[in-house]
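Next up: some structures, all given as structure tokens.
Two complexes come next, and they have one chain in common, chain A, joined by chain B in the first and chain C in the second.
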Partner chain A sequence: MSFLFDRSGLLRPPGAADEADLVGSCIRCARCVEVRPYQSIRLGPITALRSYGTPFIDPLGSPCYLCMRCPEVCPTSALTVVPAVESAMGTARVIEESCYSWTGTVCNQCYRSCPLKGTAIDLDDLLQPVVTEACVGCGVCLHVCPTEPRSIHLVPRGETS
Partner chain B sequence: MVGCDCEGDDDDDGPARTVREIAEPNIEASSWHMSVCPYCGVGCGLDVGVADNRVVAVRGMEDHPVNRGEICLLGQNLLGILETDDRLLHPMRKGAGGMEQISWDQASDTVAERIRATIDEHGPDSFAMYVSASEYLEEYYVYNKFVKGCLGTNNLESSARLCWASGVVGLVKAFGGDSPPCAYEDFDHADLFFVAGYNLAESKPVIFRRMMRSRQRTQAPIIVVDPRVTDTASRADLHLQIKPGADVALHNAIAHVLIGEGLIDEGEARGLTDNFDELREHVTSFSPGAVADVTGLTAEEITRAAHMVGEAEAGLFMWGQGLNQSSIGTRKVTTLLNLVFITNNVGRPGAGPMAITGQGSAMGLREVGALPHLLPGFRKVTEEQDRAEIAEIWGVPPARIRPTPGKPISMILEGIERGEIKVLWIIHSNPAATFPDSTWARRVLEQTEFLIVQDAYHPTETTQLADLVLPGAQWAEKGGTLTNSERGLNLIEQAVQPPGEARPDLDIVMDVARRMGFRDEFAYENTEAIFEEYKRCTTGRACDITGVSYERLRRDRGIQWPVPTPDHPGTVRRFVDRDFPRGKVHLNLYEHQAPAEVPDDTYPLNLITGLVGMQYHSRTRTGKIPALARAVPEPFVDMHANDARVAGVADGDHVYVESRRGRVRARARVNETIRAGSVFMPYHFGSLSGPDQAVNALTIRAFDESAKQPEYKACAVRVVTT
Partner chain C sequence: MKWRPIARKGAQVSVLAMLVAIPLLSMARIDFIQGTLCSFGTESWSVSCPLGVAQTSLASRTLDAGLLLSGFAFIALAFVAGRVFCSWICPQGFFSELGDKVHLAVRRVFKRPPPRPDTPAQYRRGQIFLYSFLGAGLVASFVFGVPVFCYICPIGLISRAIVGSTYLGTVGSELLVVAIILFVEVSFARRGWCKYICPVGALYGACTTKRSLTVVRDAHACVGCHTCERECSMGNSPVDDRVGRTCTNCGDCVDVCPEAALSQPLVQLGKKASAGVSPS
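Here is the complex of A and B:
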């Protein structure tokens, strides 16, 4: 979880408003937490200051599988119903220096597990994964990546790496 | 043109490979040992690094012809399988208070006495042995000699039954003998890849990458036949998303077009096969239009596939469990081989049927004869001369070897249920999780009068049911030789001592045999002496390895049989000179037949089970490695959106998948990767994975008519919300 708070800010659920609007409009009702089939949504702890009680996702624990249920129950404009392909949570990048498939071990777990399979992560001719513009930053690739540390760098929307 | 000029191809295949070493941090290996990956039948070469009797590093063997340094995710995680909390360290016997540790003396005496007592009282066929398809040649040889030559029963069965029995019976029916003709280097020379019911992207990643490298260079098209949009299918030029089970109709329809449109050379086909005109007549009724309903494919798709097959100069045809694991598996395989033969795709670079097994030693156990109908060197128990030849090498009376085949695992379990088989010895296999209708299989195994389970781990679904468990060594802890799926021999060096009191499986079995009085039969000084005796069984046979020795295998890695003399270079490709066992190859004529259980109103969906790339079989090794397990932590069920709507299921829901035999709780994945009407589940999960997680509780006890392989790809289920 440290990576979320220390470096890159919070990975917000799909359809989330921009950071300031989200923090302002979220009424901390936790309905998004209640519908989560994958237990992916967590609420900011008190140490998160202004983000206290607002929804975020820790992809190392449980990423977003794009079931798209949380925006449906959000009573405010904090989370808006959007198609999964427009959930715009962030962007992933493959760290080729440590990625197995780029360094001699055929792996492809990220490609295989991607909810937007074949579009957000594709494989090149030698089966090496490449993240495309279609990536919405759900974090599944980061979650399943078998290297330690993970060979996926995930940047939440609105943050820069 | 691809397939004509083979020179220089091996080096001309894209960027240099990286050899990745997996090592424990801060520990340097003090010695390195040659090895082969213990998982699939590809047989990637590995170097194993050892320090202080611990495996501390693994790397792909850079100069191994199979993988040239590359490995897959499973090989990458081998360090994690050795020192787990559930390694079986001591012999244990079921007592009043559960499993109780006993000494090796007590354990071996108990096994010897129980086998002796049951054979004396009920005859030799009251005993059976069931072994994995990942053991070494020497082990199979010793098990065979012990069971068939000493005990006098042919009930020696292997888990190869569950994955390649139909494929092998198909090869034998077509070629007249079990001798896979192709080599992996054919991937570099093919100009068409025909992939039937085979997701090699997940099951054989190193070979799949080799195929992609080749395609990158040659643009050779790929046809994939699969009801699922697998990772393999998603790279195909033509994906035929067939209705499950309809492969015979498809193969016959492709033959129909090939012949009807003059896409083949009929003179060549007559010269190669012994019954071309029978096939010609047989497939007249299989026009693409006539099979459109049963296959779920359009006539245009089938015709296009036929044209691609007909136009190829070197077509490589491969198949997997989609064909094999079926109640008509042999029919599916042989009708695919018909296409290979009438297009004359035999004996040339890049051309032929490529049969890569799922388990590492499924080729080797066949040549050693560790199946109920075989003897070493592809001999048959039913042939008097074969029995006499082997009895002489074994030094046992010829009459000791029974002339009738023993039982396949399905009939062993039925024999236990009927009380005919009293003692079953299982070695490194987990049928309580992997046999279909596993609730029944567990019940039967549990009621076995005396169940001996030899394994590296405890508990497994099967060791849980044992009366006696024996700690067997596993990969890196024992040595021997192994034949991979291209007939390539490899030496595996023992790198470390087994943990606790675990022993190499050879020692365990030979110890029991000697205690039963078979001292002369098992007076080997070492593993190499067993290999040398086995070699004598191969002289003059298809699998001739007379020219191979341990010393030679240290140099000539992956040398391919036949190797009749020490100066013979090995045989890359079989049947180059059309030297088929029966003179010509045979075309098999079959009709389509539906699976044993088809969907109906109550159970409206067809269940396909299969693997995922980060797990292996029943997870006894791979399930404990977080890097592998976290991607699929529980069973899932892939459903087409239309079927999900009817069932009221949303993506991500937990559901129950139910069949007439059981139910499994699974996570629904609603997507378009599966043909509507079918659902897919990974087969890796057993009863130890959690409540209602044993996927084989759903599957059906239906078997191929000749190969007796179970039908894991078709049974009727329903999906209900929890």
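Here is the complex of A and C:
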């Protein structure tokens, strides 16, 4: 999961403010952690420096299933209530060189698990998964991808590459 | 045994128990209430740390009515009863009070004289540092865009360490800060954090008025034995009518007074604070 910390970019929960606003407005109360039914949200460790105590998601451990409960209990403007399709956590990208479906073995785990199935990940004519603009970066595809390392690259919002 | 020390320890332990119970309940999928002392509540109401509210408002440069309202509960408590948060709720206060008992025991073991109360000049210097630190931190929060105190506040650190260790399976490495505070307080600076540094306590202290709950001395009953000022770990001196903004209304001086000359009159409305007992 080292790529999650590249450029100090953490995958933030749905409805999160932009990085600079989030570290400023988060009161570090851990309510988003305690409300989630999927144990997806973790707190930044002290090694995360200014992100200490702020929420992030490690999709390899548990991705976001878009239940959208965490923004409802956030007392600050760090997380705001948004529709699931606008949660804008990041964007997934299929690594076609190692993806089973792209290299000749039909798999499509990512397509079948995607909470926004058919909009965020679609299948092309050869049943190869294609991520669209509608992807919110929940990380479920990354979580279920059977290849090692995963054939999904997840870029948190505000990060490049 | 007096009722107050028992009630107070009970309250402090209950707060710690709640901090443990909420994540455990959440683990059992009972999550209608969430939170720590930084902010807790349900989906329909919140009570937040007023210092956290101030810092995050400054850091994010936004004002949110709901957030400001959620910080008001503890402010109102301070207006009515001073730093009562420190003596009844604060987990660091609980550990610091235990640490103070150890501090006194260490003094006895090493045959050191009992601690002396602060002189008015010492007390004033401590207060100046305390409020300068609070002000500097609020300015720094605005300048750097992060709630700076939240990184060192033992209340939040303890809260998050409990959430982390009961629920997320992380080690509470943030408790190192608490350990350092306790070490310093036990070894030389009696209640040093609470008296000279704690910005949360400072904020509550700043909210006290002449009408807030405080310790009042009955000059006719007092025999001037100075037992109360030796008991006070926050540097106040009820016997000299010097009870300032550091008073947490813990009531230890009231309970220890052999002549029952000290009291905390609940209703100070309309009563002019008698000479000397006003927060200074």
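The criterion applied here is as follows: the second predicted complex is superposed on the first by the 157 of 161 C-alpha atoms of A that agree within 3 Å, B and C clash if a C-alpha of one lies under 4 Å from a C-alpha of the other, contacts with A are read in each partner's own complex, and residues count from 1 in each chain.
Just so it is clear, a residue touches a chain if its C-beta (ideal position, glycine included) is under 8 Å from a C-beta of that chain, and two chains touch if they have at least 3 such contacts.
The structure displayed is predicted, hence computed values, not measured ones.
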Q) chain B versus chain C on the shared chain A, clash or fit? A) fit
Q: Tell me which partner A:Pro75 touches in the superposition: chain B (first), chain C (second), both or neither.
A: second
**Q.** Contacts of A:Tyr65 with chain B and chain C, given as first, second, both or neither
**A.** first
**Q.** Touched partner set for A:Arg112, first chain B, second chain C, both or neither
**A.** first
**Q.** Touching partner for A:Cys26 - first (chain B), second (chain C), both, neither
**A.** second
Q: Name the contact category of A:Tyr38: first (chain B only), second (chain C only), both, or neither.
A: first
Q | First, second, both or neither for A:Leu126, with chain B first and chain C second | A | first
Q. For the overlay on chain A, what angle lies at chain A between chain B and chain C, C-alpha centres, nearest 10°?
A. 130
Q | Partner chain(s) touched by A:Ala48 [first = chain B, second = chain C, both, neither] | A | neither
Q: In the overlaid three-chain picture, find the nearest pair of C-alpha atoms across chain B and chain C and give that distance in Å.
A: 8
Q: Would you tell me the residues on chain A in contact with chain B in one complex that are also in contact with chain C in the other?
A: 37
Q. For the complex, which residues does chain C have touching chain A?
A. 22-23, 26, 29, 31, 34-36, 38-43, 46, 48-49, 52-53, 56, 59-62, 64, 66-67, 70, 145-147, 150-151, 156, 159-160, 163-164, 167-168, 170, 173-174
Q) Which chain A residues qualify as touching chain C in the complex? A) 17, 20-21, 23-31, 33-35, 37, 42-43, 45-46, 50, 52-53, 72-73, 75-77
Q) Taking the complex as given, what residues does chain A use to touch chain B? A) 37-38, 65, 67, 69, 100, 103-109, 111-113, 117-118, 123, 125-127, 143-144, 146-148
Q: Going by the contact rule at the top, pick out the chain B residues touching chain A in the complex.
A: 14-15, 17-20, 60, 69-73, 75-77, 201-202, 205-206, 208-209, 212-213, 215-216, 231, 234-235, 612-614, 627-628, 630-631, 650-654, 671, 673
